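The following blocks contain the structures, represented as structure tokens.
Shared between the two complexes below is chain A, which pairs with chain B and chain C, respectively.
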Partner chain A sequence: MGYSKFFIVIPGLAFIFYLLDQFLPNFWMTLLLLFGINTILAVSLNLTNGWANLFSLGHGGIMLVGGYAAAFLTLPVSFKRDLLDLALPSFMVNMQAPFLPALLAGGLLGAAFGTVLALPAMRLKGLYFLLATLGFNFITITIVENLPQITNGPMGLRQFPAHTNIWWVWSIAILLIYLCFRLRKSFFGRALIVMGQDQDLAEHLGINLLKYKVYAFGLSCFFTAMGGILWIHLILNLYPKVFGIHLVFNVVTMIVIGGLGSISGAIIGAAIITGFVEILSPIEEGFSFFGLFEVPRLLGLTTLMLSAALITILILRPAGIMGRKEFDRSSIRRILGALRLKTKE
Partner chain B sequence: MDYFLQQLINSLGWGSLNALMAAGYTMTFGIIGLVNFAHGEVMMVGALTAFWVMVFLQLPFWLGCLAALLGSIVVGLLIERIAFKPLRGAGMISLFITSLAASFGIRTLFIMLFTDRVKPFPVPDFLKGVLLLGNLILFKKTILIVLLTLFFCGLVIYFVKYTKTGAAMRAMSYDPEIAGTMGVPTERIIVVVFAMASFLAGLAAIFWGIKFGSVRCSMGVIMVVNAFIASVLGGIGNVSGAIVAGYIIGIGETLFVAYLPDHLVGLRPLFVWIVLFVLLIFKPSGLFRPNIK
Partner chain C sequence: MSNESLLQLDTVSSGYGKKTIIREVSLDVPAGKIVTLLGANGVGKTTTLRTITGQIAPFAGRLLFQGRDISGLKPHSIAGLGVGYSPEGRRIFGNLTAYENLLVVANRIKSKKIFRENLQWVYTLFPRLGERSHQLSDTMSGGEQQMLAIGRALVSKPMLLLLDEPSLGLAPMVVKQIAETLVEINQAGVSILLVEQNAKMALQISHYAYVMDNGQVIQHGSCEELLQDKSIADIYLGIR
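On to the complex of A and B.
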């Protein structure tokens, strides 16, 4: 067997992507892309917050760093040089890189930034780690807003080339999901999970805590930064304010609803929140209900509902939808078995 | 030198706000291990209640203050009842996420109802005006704010240290289960603590209104971060430590901005985070003895 299944799965996926790319209407396509990006964010956040019990709230700041790095590479020269006159190194101003180098560079820079900032916080536990990472968002946003000659300040950047499509988003998402499922069975993943459950036990088992914390955080930051880059190349603008605690709150909601520590839970959470937000956002703008009555504009309705949903979930089902379990071959078998029993009766 | 002293005097008001918030924050942390991100919203609701009573109902100033305190206490206890009580013993992270959700929910609700515009906060005449001390200008409102803050903080410290309820609170912050088996009515103590913390937040709301002359729905965000960091600086769970740390943070922040070049004044929020990172690297337990295991 070995790797032969890849020869079936990869062309199959490519064919599905091709079909979706050709025939899916625009609205559903955007929804699918947002779902993919949210999946990347949620699954990568689950690596630290779910498995390793390094509860990070700083992933917004990491997305911001990665996003700006990629933006400087992919923005058109005319915008960077002529319109804004940014004080960047001249080679950066005078070129427009393709998407893949920008994606990798942004991802690596995000990972490096996150790891360096998190290093002093690594020896802290629980609350203190959370507090330190919460600072990443505030620190990066404040600095970016106060460096107008480099980052164009709070005005943000525009004129992004629309690079994001189903190929980029879902190949990265599926790669990440596959990687996580493989990791879960490997020494690395098990070390992380043990560390999340009981740090002292992990140390006694001979796991180098600092090393694995840094690896987990770096890996998570790498994919999070890539998710951020994909996102800004989908919505085509970049404002520093967006990457605050609000964004992190949404992603945390996804993994808590899905079940902290579960990959499939993170994906389910991403699907639920994406659908929720996209359904509620037209209502937020206000509309006329079949001409019978006017629904007024209710900006902020989404956040309100999300908060209420999160509190309700935490009270009624603190482990989330999936708990720590995964949806894999054995659960499919279980469902099939249950169905077969029913048909026999 | 005059510039320095003047900035120091100006910063006392802001320091008092931080001290009041940090004291409340650290109390709720000590008692149920809760990082209460919604504490800023408790203050915001108090401020908006006062605004509503004074501007819409045209009632006098002291009724507005009373309404602010009442509003804060009611909201603080409601949050406790709805969001935190069902999660008792669920662990710090779950409690924190709940408080984050409560904070976002309340803030968004109020922005939907009142919009996020800056609202005037009427200040009575006897608080306007200044005193001159040589070259220094001393605002009357700052004097009142500092004196009242010190008075109420002293009261809280006395309460925690020398009364029976205070002893029960301290016992609970060491170990809630053992305190419960020793006959401490834990649920009632938690309600008392939340009421006290919310009362302090209500005071902070009134002082914010007097100091800046305006309130708005997103005012809780800055305050809660400052209070959070001040309570860590003061040794978490330690009330008098938090009050001192609140003053340190407030005074430090003002001086930091006063000595920054003009085009970098926007870096103001960075100060507390610099303090936090330095603290986390060198002395994570805070300046004073933390009151937790």
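On to the complex of A and C.
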């Protein structure tokens, strides 16, 4: 095997991306991109909340930080210089960076803030840690809203170049998924999982908690920030309010529905939530059913249905759809075996 | 006692918060020996172990491992010095397989070859683990889980093995089997500090014993001496 499989998989994926890019209708393309972005957010959140059992609600703040950092780099000069009067360093105002450096810069800044977020984890456990990270989320939003000279305050930023496409989103998503599956089988991933289960014992077995907590948060926030940047360059505006508890709740719902601690679960959860939100929100606005009758506006429908779905799944499968298991070769074999038994009967 | 001591506690006091649990405990684990720490419930045996592993810092006294003061070090650094720990109640990682449970410790071992040798050694000590290596450890029996907990502490080939109640909740047959394996481990050069309530088993395999009561060491001596000391045997060890 070795690395030869990459020579098949990568061109194959590239070909699929090309076909989708060419022939997929707009609505479905947007759905696919949102699914990809949600996958990035959910799988990276799963690193901390699922594996390491450091339940963070601060990832919205991380997306915000990464998003603004990238925005300052990718926004057109005319908008930055003429329409906004931001107190940014002049080199930042007078340049428009390509997407990749903006993505990396935002990601790295997100990772840096993630390590800051990991610091309370040294002293706090469980619910207390959760509250501290929630506080981080509120603080970042409040700061950004109250610094109009730098961030344009609650007015947010607009006129983003539409950089996000299937190549960026799904390359990063697949890279992240591959990375996580590799990590699951490595010392690093196992150390996180073990730390999540029994922190004291993990330390006795020689796992340096500080090191692994910082690594987990750094990696998770790097990808979360990139997910945020991709999202901004898809919806083409940036308001600090959007990154509040509502967004974090959505991503947490994804990994809880899918099964905390399962990579495949996070992907399944992302698919379900994306479908739910994107298909229900047009209905929420009310529409006319082929001119036959009017569907009234049902504001709040999405949130309601989402919560109902969450409750239903947690009653039926308390550990989430996948539990802590993964969908891999052995599960495919199991499913095939079950099918074969059924056909014999 | 032997002149070369591996672990030495010198009038160590320790506890939780402001509450002192163990007072001026001195004990000595010579290299290559099995030492046992006996006593009833709640006399500070586990607190002593927790102090040694670094989970709680001692209030006073010195903790020496190979002549080096280890008080105040983090648990993972103490583990890195060559102290293996098998906790009370096993605490295996249920959603990992037996093999993955053993791999957890492998972080510390840089060379793959040494790790494989150590793993092979653990499998020869506990053949059952080899047979069940790819089974989820939650689904293993109590005895197998205990073997796994001891095996996990041994994969890094520590110099000192700390065992907290390995006989807890196990059938007499399994206890006997584990006791025999402990002797085998000791013969391979690993010193053992055994914390036990099953005094009979512990005294059979140990070289030296300490008896704790109310946070203090009240008696120590070789196992024969302790067994002959009528009052100690009656009151603290439950052996007649």
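One rule holds for everything that comes next: the second predicted complex is superposed on the first by the 336 of 345 C-alpha atoms of A that agree within 3 Å, B and C clash if a C-alpha of one lies under 4 Å from a C-alpha of the other, contacts with A are read in each partner's own complex, and residues count from 1 in each chain.
Just so we're on the same page, a residue touches a chain if its C-beta (ideal position, glycine included) is under 8 Å from a C-beta of that chain, and two chains touch if they have at least 3 such contacts.
All values derive from a computational prediction rather than experimental measurement.
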item: First, second, both or neither for A:H204, with chain B first and chain C second; value: second
item: Partner chain(s) touched by A:L310 [first = chain B, second = chain C, both, neither]; value: first
item: Touching partner for A:A121 - first (chain B), second (chain C), both, neither; value: first
item: Contacts of A:I321 with chain B and chain C, given as first, second, both or neither; value: neither
item: Which of chain B and chain C A:M92 touches, first, second, both or neither; value: neither
item: Chain B versus chain C, judged by how many residues of chain A each one touches; value: B
item: First, second, both or neither for A:L108, with chain B first and chain C second; value: neither
item: First (chain B), second (chain C), both or neither touched by A:R190; value: second
item: Contact residues common to both interfaces of chain A (with chain B and with chain C); value: none
item: Touch list for chain A against partner chain C, complex; value: 187, 190-191, 193-194, 197-198, 200-209, 261, 324
item: For the chain B and chain A complex, residues of the former touching the latter; value: 35, 82-83, 86-87, 90, 92-94, 96-98, 100-102, 104-105, 108-109, 111-112, 225, 228-229, 232, 236, 264, 266-267, 269-270, 273, 276-277, 280-281, 284
item: Contacting residues of chain C [partner chain A, same complex]; value: 53, 55, 74-76, 79-80, 85, 87, 91, 93-96, 100, 103-108, 152-153, 156
item: Chain B contact footprint on chain A (complex, rising order); value: 55, 120-121, 124, 126-128, 130-132, 134-135, 138-139, 142-143, 145-146, 245-246, 249, 252-253, 256, 298-301, 303-304, 306-308, 310-311, 314-315, 318
